[in-house]
Amino acid sequence: MFYSDGKLQYPVVVEKPDPLFARALQQAIGGVEGEIRVCMQYFFQAMGARGNPKFRDLLLNTATEEIGHIEMLATAVALNLEGAPVGLKDEIADDPIASSVLGGTNLKNFLSAGMSAMPVDSDGVPFDMSHVYASGNIAADMTANIAAESTGRVLAVRLYNMTTDPGMKDMLQFLIARDTMHQNQWMAALEELGGPTGAFPIPNSHPQAEEKQEFSYSFFSHLLNGEPPTGRWSTGPSVDGKGEFSVVNSEPMGQKPVLPPARPRGGAQAEQI
Amino acid sequence: MFYSDGKLQYPVVVEKPDPLFARALQQAIGGVEGEIRVCMQYFFQAMGARGNPKFRDLLLNTATEEIGHIEMLATAVALNLEGAPVGLKDEIADDPIASSVLGGTNLKNFLSAGMSAMPVDSDGVPFDMSHVYASGNIAADMTANIAAESTGRVLAVRLYNMTTDPGMKDMLQFLIARDTMHQNQWMAALEELGGPTGAFPIPNSHPQAEEKQEFSYSFFSHLLNGEPPTGRWSTGPSVDGKGEFSVVNSEPMGQKPVLPPARPRGGAQAEQI
Amino acid sequence: MFYSDGKLQYPVVVEKPDPLFARALQQAIGGVEGEIRVCMQYFFQAMGARGNPKFRDLLLNTATEEIGHIEMLATAVALNLEGAPVGLKDEIADDPIASSVLGGTNLKNFLSAGMSAMPVDSDGVPFDMSHVYASGNIAADMTANIAAESTGRVLAVRLYNMTTDPGMKDMLQFLIARDTMHQNQWMAALEELGGPTGAFPIPNSHPQAEEKQEFSYSFFSHLLNGEPPTGRWSTGPSVDGKGEFSVVNSEPMGQKPVLPPARPRGGAQAEQI
Amino acid sequence: MFYSDGKLQYPVVVEKPDPLFARALQQAIGGVEGEIRVCMQYFFQAMGARGNPKFRDLLLNTATEEIGHIEMLATAVALNLEGAPVGLKDEIADDPIASSVLGGTNLKNFLSAGMSAMPVDSDGVPFDMSHVYASGNIAADMTANIAAESTGRVLAVRLYNMTTDPGMKDMLQFLIARDTMHQNQWMAALEELGGPTGAFPIPNSHPQAEEKQEFSYSFFSHLLNGEPPTGRWSTGPSVDGKGEFSVVNSEPMGQKPVLPPARPRGGAQAEQI
Amino acid sequence: MFYSDGKLQYPVVVEKPDPLFARALQQAIGGVEGEIRVCMQYFFQAMGARGNPKFRDLLLNTATEEIGHIEMLATAVALNLEGAPVGLKDEIADDPIASSVLGGTNLKNFLSAGMSAMPVDSDGVPFDMSHVYASGNIAADMTANIAAESTGRVLAVRLYNMTTDPGMKDMLQFLIARDTMHQNQWMAALEELGGPTGAFPIPNSHPQAEEKQEFSYSFFSHLLNGEPPTGRWSTGPSVDGKGEFSVVNSEPMGQKPVLPPARPRGGAQAEQI
Amino acid sequence: MFYSDGKLQYPVVVEKPDPLFARALQQAIGGVEGEIRVCMQYFFQAMGARGNPKFRDLLLNTATEEIGHIEMLATAVALNLEGAPVGLKDEIADDPIASSVLGGTNLKNFLSAGMSAMPVDSDGVPFDMSHVYASGNIAADMTANIAAESTGRVLAVRLYNMTTDPGMKDMLQFLIARDTMHQNQWMAALEELGGPTGAFPIPNSHPQAEEKQEFSYSFFSHLLNGEPPTGRWSTGPSVDGKGEFSVVNSEPMGQKPVLPPARPRGGAQAEQI
């Protein structure tokens, strides 16, 4: 069960409203790297967490923090939309800055939401919950969370570098710091689960004897007329410590597939039957 | 530029067609953990790769391999659909197995595709390209790829354990092995990029002095009436080696937000203006 | 069965084409508050209407009117796109107004539709039919329709206040008037179905004795460190006339959920099994 | 800011797991009438609430309660999936009940989530956030909420009547009761905002003198060869108290629209230019 | 403007309700080959039709007919859902046919629509309006319409062959006949627009002198280790009469692309800058 | 299986980067007329091709070429984004051109992809794989391909006419030429399949004796108060050579549908039962 106190986790101040920046901030709310995504991802991972209950607590706890981040960003969007030109057209017709500002916003923030935040990205595309990765495998979930916080911090840094508003920079410095923690936190959890040699290959419950081990650590080259790229992945012990990397020129092992004729009453052309 | 030889990377044999398994295999084609996703993700990451060109080659190479995996799985779906009951209803009306098989398939595989594979998941939902994570940050991309191959191998293992068909088990043993390699390969690439202490926090180009460092390694507890979960994330040096973990009871630092009144002609109720 | 006469329900005149306004008008076609939505919603509600047939007729009739509104708006979009700058770039390179206009349009109106309307919203997102609420419960359908016409009229008013074109203002005055009627019409239908005390709680066919009536009229407060908001909802008889409002501090009645271990071959980590 | 105690608002007990019912329950999580929708809708309405702050508190409070409903339902889905047949196919091949159960589930609950809940509906379609109606008009928002709770209670009643499990019936009796309260609560809020004669037509800030009032209370009949349906909407004072209903045979007032020729270099056929 | 008489274009009779067939019929309503799609496609093509107005009339006329087809199919879905097992679970628990029927339906038809049709496909996926192809080029539109009616008739034939219900077969015989007409009608329109040699390559307004004509009629072979497929496309005059087909081994004409380094403050890793 | 050489099929040169044109080019990557669509469409058609194997080869070959077109366009997008204004806001605040450029881009190209291409359209909407038409009927597939290449060439021509950059014009001249070939190629394949009189009506395997042939070649007029549009479709032999066109005034042959009452416990209102 959840509770709220209606206050913001960290102050949100906008000194000079900037509707274009409001649009950019929408990416941090409803973008695939945004806060709705991490909030819901941690929440549903918690819902499906089996095994040691501390991971469930960890996930639920951070999901709860993230709701507050959506709250902060939604406040920031609304405050940045103050002063945006949406009044009578006459006022902006000959003003290129105003025109470009109006043209550069997600019009839905005006037309659908009355100058407020929406669960959409910076191009007005609504967030879709298929981005909630919750696999039932706790280690796979941790990799998804590291990835989410990595792209999340990249986004926050880009937003931070787009604005000169002191209030917005301050808020983003806080959110960037939280992303630093969350990257570390999920890496720490993965370490608890065994790290590269203990948790990988994920799922570690699958007996590797049942996979085609001759292909488990081979880099297949599909490049014509060129050398395959070499690096840590092409030679030496594998990162999971269970094999040796090698490079192989990929050759087809199977044949050209041929499907049987279509069924007589299956809607194909007569020639296909 | 791309080339094809029309042959399969690995043999695809179905001994006893199973339409329910065809439906399950669709998840590996058009699911968010599926092969279209990794193929397109590596492809678009290659398209945006800046810096050392070997990462571009690495990504493009593996994207090219993955097209062949879609090809294998699409063949497997079509072969598993052979023999499915879609003829005249009379033939299946009193046959509960046939009824349940028909009911248990994605009908679009019959109705839209004429007993062939589609770019949809196991519930018939089309793949949507927003799942292609390509951030322009090469390390963030690697974390996304490790996550994709982790959930991908989890899926392949689940499929492997759902079937007893020798041909299908053989094919999946190959795909599971490739996922093992790809998990290792992207971890290896991340290691080349500096690993936990060199690449993190991602992006490592952002000066940490500009984030609120007092919050960068604190676990904020949002749990009421309970102890926060402890582990590697709550004490000791951070995984990125740049801080010290601590646990903090989260308290609001901001105030209750109050938005200004609505604009007179902005479509709000009169009471809001 | 349907018929058309090819004429517009109300004149559509654009005195001075305005491509930015064309973009805004798209929200009234393909936005979630738009005309495709109400048209299809009333149509599918009619298709599932059971009971007194006059509601089916009412719904089908208004669905039929709404097709004509899409027709009007699509005409308005095409006329507003006349004169938009999409020719050779040279002509607009140094013209900030033209640049901002081009940048501020949904490019798909040019690139995909050749300067015509599309079934997309003001940010170019296609309408998706999941917004067609048709529940099979005639009273629930009426509440959905009141809501649709309320947000629809809010949108029309916002559009009306964005333009100074006399033709567009005239057309919107007509559409706003029709939304007034439709709000009233669906409220009238809800009144015929019994109004607050007869139709609610919806569905009124469910015996309230079978719900946990001790919680049926309680406002649960989830706010920490603050007073719950008071109003008509916190004290006195309930609006449906079947209970008495009260305020309760919400406390968990259930326990922490614990899921059983994962299955041995279910793709989880070994630690979860 | 938000907090959680990890406990359920109301006990969730499943006596006899039922995978088909798990699928049905998914509609209450990720369906358009489900709990994610109301939770996010109230949350974003709060974020955009302007005017009397008690509406913001009211919305935020109930959003907070709804997170706990997602938690209850996600727990119920996972518990109902226990015992579902997803092991080796041999075990179910000749068992029509098992086959039909497997066929009748959303396979993603197995394949993607490892026997856990997902933010998808009962057919496996992910929830999409465009269903979050938050208009910036507080009265329009209330109508959207009444509609959401009406379809929500209809759904809960249907689920209640689909199951005989005592634990599930008990949980649903609680949720149905909460929907009763929430229908009443939003009707109460609408009453505070003036009710039919004070709040309508929404938005009440738009001067009705600026709409085409001759069409504001007319039922336009589009039915050929038949009588228009009569009722409270066809005669007498309008529900908003500002007009008189009448019935009018709809006639086109506009002309056939003719678009100008296509532009020479706009990608049309030569005949269209 | 549009009118309706509430009657069906052709009788819809269901002798023996079949909920599985109801699910299949949903594809013809909300599938990408379905009637909503053709209806809306012709409608929006009409809205953007420039040039000879008879094409606009033709499109609007057939759009109007198609609304009636949705009406017929929605009626057929509702009638087929009569008798479906959705009551108390006890009644079906030990009945494999009933279980498989319940499992084999789109549950949303029960849970969301109360045993009625929805604008979704046979797997419950809502129709999305991006499938409305209306290009502003009248000839391109005709090719899209021929394609739509071709897949539409394929679907109708598949449905016809899935059922033995005389009423349903009769209805589908009518719809198949209409698809025959509509295929012919759009081919006829394309003939009026010049046919293969007059209308193609589409758009015919683009001066072919401005394309790289050395590649305009060459079949590029991308097949390794095999002969390119030969046929009408590999030799002889092109179908549009403006060139000669040839076969060419595809070779890269461009170089390996190299992007410049990332920007210093653009969120990339330090190594990429 | 697939191979790549990392080189571009045709040179991609951008002389003067233009971020607005980058946005427009996104339509050719991730728009419904774009290259991902044709690539995947031909690929999945190949996967489901039954009958003469040369059609499978033809489809797979051209799918392989199209991957290279995505590669070219993704390179073009990244090169056009060079120089786009996304740095500190101060630098662009008083520069209307820079403001309009920033406002006119898909912000996701900056925020999510770090100045690279994405699988989205020109308004930032991700491509969704339901646009992959692969019907299992080889002739229907060819019509879908002719349509795809027709809208594709229309788009390429519009892009060609939007830019003055010599490099971009050169690249588009190549792509326009390839679209010319592909239109011709699929028409040629349709000719091999019998052309209008042999392949149509599609599917040609359905016995026309089983359709309601009295309606197979009739133009039904649904226009009130007007003459039906006449043309090649209204009189003379049908294009498929199997009937004679005629014009008929459409009259309802069916009755008003009446659904039975709702079920007692099905969530309807009491009045509907």
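As written, the chains take the letters A, B, C, D, E and F, and residue 1 is the first residue of each chain.
Just so it is clear, a contact is a pair of C-beta atoms (placed from the backbone, for glycine too) under 8 Å apart; a residue touches a chain by one contact, two chains touch by 3 or more.
Bear in mind that the values here come from a model prediction, so they are computed numbers and not experimental data.
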item: Mutual neighbours - chains that touch subunit C and subunit E alike; value: A, B, D, F
item: Of B-C and E-F, pair with higher C-beta contact tally; value: E-F
item: Interface copy of C-E among A-C, B-F or A-E, judged by whether over half of the contact pairs recur; value: B-F
item: Between subunit D and subunit F, centroid-to-centroid distance (C-alpha), Å; value: 32
item: Computed distance of Cα centres, subunit D from subunit B, in Å; value: 28
item: Between subunit D and subunit C, distance of the C-alpha-averaged centres to the nearest whole Å; value: 11
item: Multi-partner residues of subunit F (each touching 2 or more other chains); value: 1-9, 32-33, 48, 50, 57, 60-61, 64-65, 75, 78, 86-87, 96, 99-100, 103-104, 112, 114-116, 120, 123-126, 128, 130, 135-137, 139, 151, 154-155, 157-158, 161, 202-203, 206, 222-224, 226, 250, 252, 256, 259-260, 262, 265-268
item: In the complex with subunit B, residue positions of subunit C that touch it; value: 154-155, 157-158, 161, 265-267
item: Residue ranges of subunit B in contact with subunit D within the complex; value: 18, 20-21, 23-24, 27, 31-33, 96-97, 99-101, 103-105, 121-125, 151, 154-155, 158-159, 161-165, 222-226, 250, 252, 256, 258-262, 264-273
item: Touching residues on subunit E, where the partner in the complex is subunit D; value: 1-6, 48-53, 86-90, 96, 99-100, 102-104, 106-108, 110-112, 114, 120, 123-126, 135-139, 193, 199, 202-206
item: Residue numbers on subunit F that touch subunit E, as the complex places them; value: 3, 5-12, 32-33, 54-55, 57-58, 60-61, 64-65, 72, 75, 78-79, 82, 86-87, 114-116, 125, 128, 130-131, 133, 135-137, 139-140, 143-144, 146-147, 150-151, 153-154, 157, 160, 173-174, 176-181, 183-185, 187-189, 191-192, 196, 200-203, 206, 208, 210-224, 226, 228-233, 238-240, 243, 245, 250, 252-257, 259-260, 262-263, 265-268
item: Contact set on subunit A toward subunit D in their complex; value: 1-9, 30, 36, 40, 43-44, 47-48, 50, 56-57, 60-61, 63-65, 67-68, 70-71, 74-75, 78, 112-120, 126-130, 132, 134-137
